[in-house]
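Both complexes below contain subunit A, partnered by subunit B and then by subunit C.
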Partner chain A sequence: MITELYLPPFLYDIFKSAVATIIAIVFTLLNVIIFIYAERKVWARSMQRMGPTYVGKWGSLQLIADLIKLLSKEIIVPSKANRVAFLLLPILVAIVSLMIAIILPYDYVVFYTLQIFQPLIPSVSYLTKFVVSNSFTAGLFIIYVVLGLNPVLILLTGWVSNNKYTVVGGFRAAAQLLSFEIPLLVVIASVVVLTNSLNLYDIVNMQQKVWFVIVAPLAFILFLITTLAEGERTPFDIPDAESEIIAGWNTEYSAAPYALLLMGMYARAFFSATLIAILFFGGWLGPTLPGFLAPFSGPFWLMLKTYFFMILFIVIRAAFPRYRIDQLLSLNWTKLLPLSIVNLILVVIAKYIVLSLGLIS
Partner chain B sequence: MSRVREIFNAVYRIIYGSLLATYAATKYLFLRRPTIEYPTQTIQFTERYRGALEVDDNLCVGCGICAKVCPNTCIFMVPYEKGNPAMIPEIDLQHCMYCGLCVDYCPPGAIYHTHVVKIVGFKRSDLYLSQEKVTNVQELEYK
Partner chain C sequence: MFEFIPLAVALVISAIVAALIVGINYLLIPSSPKDDMRFSPYECGEEVIGEAQVRMNVQYYVYGIAYLITDILAVTIIIWAFYQYNLSISSIVALSFLAFSMLFGILYSIRKRLLRWV
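Coming up: the complex of A and B.
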């Protein structure tokens, strides 16, 4: 086990960031597989079906089998499509979606989970120095700057496929994502008003005494709705409404590019679940676990909350019908945007009350 | 004032409806499922369940009443190769409607329903119960 690395400072920083990034991305990919499996299973159960049962115990290896199938299939490019862009865009979508994995505290989750082996291997505590996600002073801002590239990429993906369904899906996605970004960012601004910080670690540490869902319940509801729309999840899955426009902007994709697009979509939904847990439900704050599990308590509470919201997304998908595109846009511009501005004003008042009660510093 | 009440009513309906839908979807997560995993699990059959027909050649007297009463005429009397009884019914399960009249009419009770339901085959002739198969229907069972 390495206890100390004798490297020049800038090389050491690069090494540290690379390790943390790889760990965060691998953790995200693992959770994407868990998310898709949970979605298929929970969705089936809420419709009284069985879901995957045949491959592995309770169908747990079904997703691995699906992934191998997708990767081993032929990549079909439509003859009139722009071949280079058609094959390049799924990679860009995947990169854009996975880039923000490093800003969210997944390296914290992995490295602090490994601390339960500290009694056996003392030098494992050195790994806590490898956490880099706490160094993003504008982390929350960077997340939405990076995700802001998504509408462009999705519109292009629909455009280069040269198919009317993909173009319609792409335009719908662009309209939806661009318009929902405004209330989403206003709601996030309200959280930033509460904390005076864009760093996710600061935001969590401000919630030591009271979770922000209690201080700003309207902000939580608005964030839940807008983040569902940003992740193109039901009831706002208009860009890939399968009963209207086949599969929307990813109609022409198959095999490995399709796997990349799917991975990007589910990764964004997983990040949304984590962000809800961090912004409104106190992230990793919670009672310390007993015994040797004590270092695991932070990751445990964070992942418990994340998985809860993951399951909530799936239940919402099972429970709600899809909006029409005009209903969606009118919901956004006439209801969510005014409500988010009202919320911003309410949060300023709430901050004054909470400050006077001494619940946040 | 009525406008305010309207807005409050709308908000109430949105919240109540959303919670009701979420509750309904969540409730089904914990209910016992009415379906089973078909190839690996089987349901409990009732005692008089009407599955595939089987003939006991120790009891059969070869009278041919089953072939006469069959509404679909899917039972055919053929000479039995083992000799005793002289004639034995062969059954075409493609046409059988599992009405059970042959079972009701059989004087010695030699023809009866089994609990075999997985009646599948690669050819049409697989579903024709010739005299070797009709006395041992269990081998029809899908593996």
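Coming up: the complex of A and C.
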């Protein structure tokens, strides 16, 4: 049915992108729900609590119930806040977070998983032509260009809410996110030194013989720390430190705008987990699965690595105390920034060693 | 040029998804009494004292300026890493001049202890 479809090239491109985008966004939203559920369960277990148990088996429907609750609440706009900006900014935060899903290989994951059904429905192989995430020559760069809008949006969100906690939280968030972007970009530059490409598919295919975590272990550690800080996750969650400033820059939000902000935060953390898997752990590379599962092996390894880092983020959140803002910023400017430049030099040396051993082409 | 079509499409679709979530919320809102107290800024139930949009610590702006310097440096390094084999001599000189002037700026601000929280 789909194979019969005829469209002019430009419209065909738009149609293809629209299919891939919808798939990627739905996949991201599902994984956000899984992430929050896993976080509540693992976090509760580490405190010897049970976590959600009441709704569904093992509380698995708790997040759906929470979503329905949030969507049926009243949207309260504080009398002192700027009404238009207050309602518009969560939508912008959600857009900035969700549109990155197209660059990450989620459409690849979904479409290649569906290839399992190829013996039953042969036309499903046509879906692999709908993968668009491999067409971004500057994908890695575009991700951080788009995410670079985040500090501005968060600062504005805190400011227009016109509440003492949101203003303090917004300023803290802006200072933290701006500061940690620098080591993050320098670490990404060191990955680019190894690959000579910003395309995520090229970066994965360069790791056929050796994962980059072995070539550049320091880069991986720095990337882990800085993405935790960029995602405002513990131990770097001072922008919404609940015991100091209520909920930071999103104190005044309720109902759907709050759901959007929360979704944006968890979507970014999920993207970070995927990016670590892609940049340092060989993405979808791994042994081929046996039998009819063979087309599923790429998506399987990618998601396995992604969920591993997702659980790691959660365990870090459960295990570490929060930094103070001055400790945090001095950690960044006096330790991470010089270390990232040292790492760049180390990676240049490592590249020549690896090249001479013939491990990357 | 193909890569900008998916980005534009993704922008539109994510805007639609976000607007849809807020729209569903507007459909489901229960009718509620208009009570002024509920719309006052949250301050732990106390009476609101003073203004929220006050002058903040100057330290935040110093980090903003340091960011402006180092962000250009970081992007320069990425360009450098991307084109490592096919850069002309003049562009190497220009990039290193830019990079070293940025590094000088950062070293100056560290030396003057501008990046230390007070």
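Here is the rule we use: the second predicted complex is superposed on the first by the 359 of 361 C-alpha atoms of A that agree within 3 Å, B and C clash if a C-alpha of one lies under 4 Å from a C-alpha of the other, contacts with A are read in each partner's own complex, and residues count from 1 in each chain.
In this text, contacts are C-beta pairs under 8 Å (C-beta built on N, C-alpha and C of every residue); 3 or more make two chains touch, one makes a residue touch a chain.
Being a predicted model, the structure only gives us computed values, none of them experimental.
Asker: With both structures lined up on subunit A, is it a clash or a fit for subunit B and subunit C?
Answerer: In the superposition, subunit B and subunit C stay clear of each other.
Asker: Looking at A:117 after the superposition, I want to know if it touches subunit B, subunit C, both of them or none. Which is it: first, second, both, neither?
Answerer: Neither partner.
Asker: Could you tell me if A:319 is touching subunit B, subunit C, both of them or neither one (first, second, both, neither)?
Answerer: Only subunit B is touched by A:319; subunit C is not.
Asker: As a test of reading the superposition: which chain, subunit B or subunit C, is in touch with more residues of subunit A?
Answerer: The partner making contact with more of subunit A's residues is C.
Asker: Is A:46 touching anything from subunit B or subunit C once the two structures are fitted on A? First, second, both or neither.
Answerer: Touch partner of A:46: subunit B, not subunit C.
Asker: Output check: A:292 vs subunit B and subunit C. Expected answer is one of first, second, both, neither. What do you get?
Answerer: Touch status of A:292: no partner.
Asker: So in the superposed three-chain picture, is A:193 touching just subunit B, just subunit C, both, or none of them (first/second/both/neither)?
Answerer: second
Asker: With subunit A as the corner point, what is the angle to subunit B and subunit C based on their C-alpha centres after superposing, as a multiple of 10 degrees?
Answerer: About 110 degrees, rounded to the nearest 10.
Asker: Taking the superposition as given, tell me the minimum C-alpha spacing from subunit B to subunit C, whole angstrom.
Answerer: Between subunit B and subunit C, the minimum C-alpha distance equals 20 Å.
Asker: Counting contacts the way the document defines them, which residues of subunit A are shared by the two interfaces, the one with subunit B and the one with subunit C?
Answerer: none
Asker: Where on subunit A is subunit C touching in the complex?
Answerer: Those residues of subunit A that touch subunit C are 13-14, 17-18, 20-22, 24-25, 70-81, 87, 90-91, 94-95, 98-99, 101-102, 132, 135-139, 141-142, 159, 161-167, 171, 174-175, 178-179, 181-182, 185-186, 188-190, 192-193, 196-198, 246, 251-252, 255-257, 259-260, 325-326, 329-330, 333-334, 337, 344.
Asker: Quick one: in the complex, what on subunit B touches subunit A?
Answerer: Interface residues on subunit B, with respect to subunit A: 18, 21-22, 24-26, 28-29, 31, 33-35, 37.
Asker: Name, in rising order, each residue of subunit A that touches subunit B in their complex.
Answerer: 42, 45-50, 53, 315-316, 318-320
Asker: Where on subunit C does subunit A make contact in their complex?
Answerer: Subunit C reaches subunit A through residues 2-3, 5-7, 9-11, 13-15, 17-19, 21-22, 24-26, 28-30, 32, 36, 38-44, 52-54, 56-57, 59-60, 63-64, 66-67, 70-71, 73-75, 77-78, 80-82, 84-85, 106, 110, 115-117.
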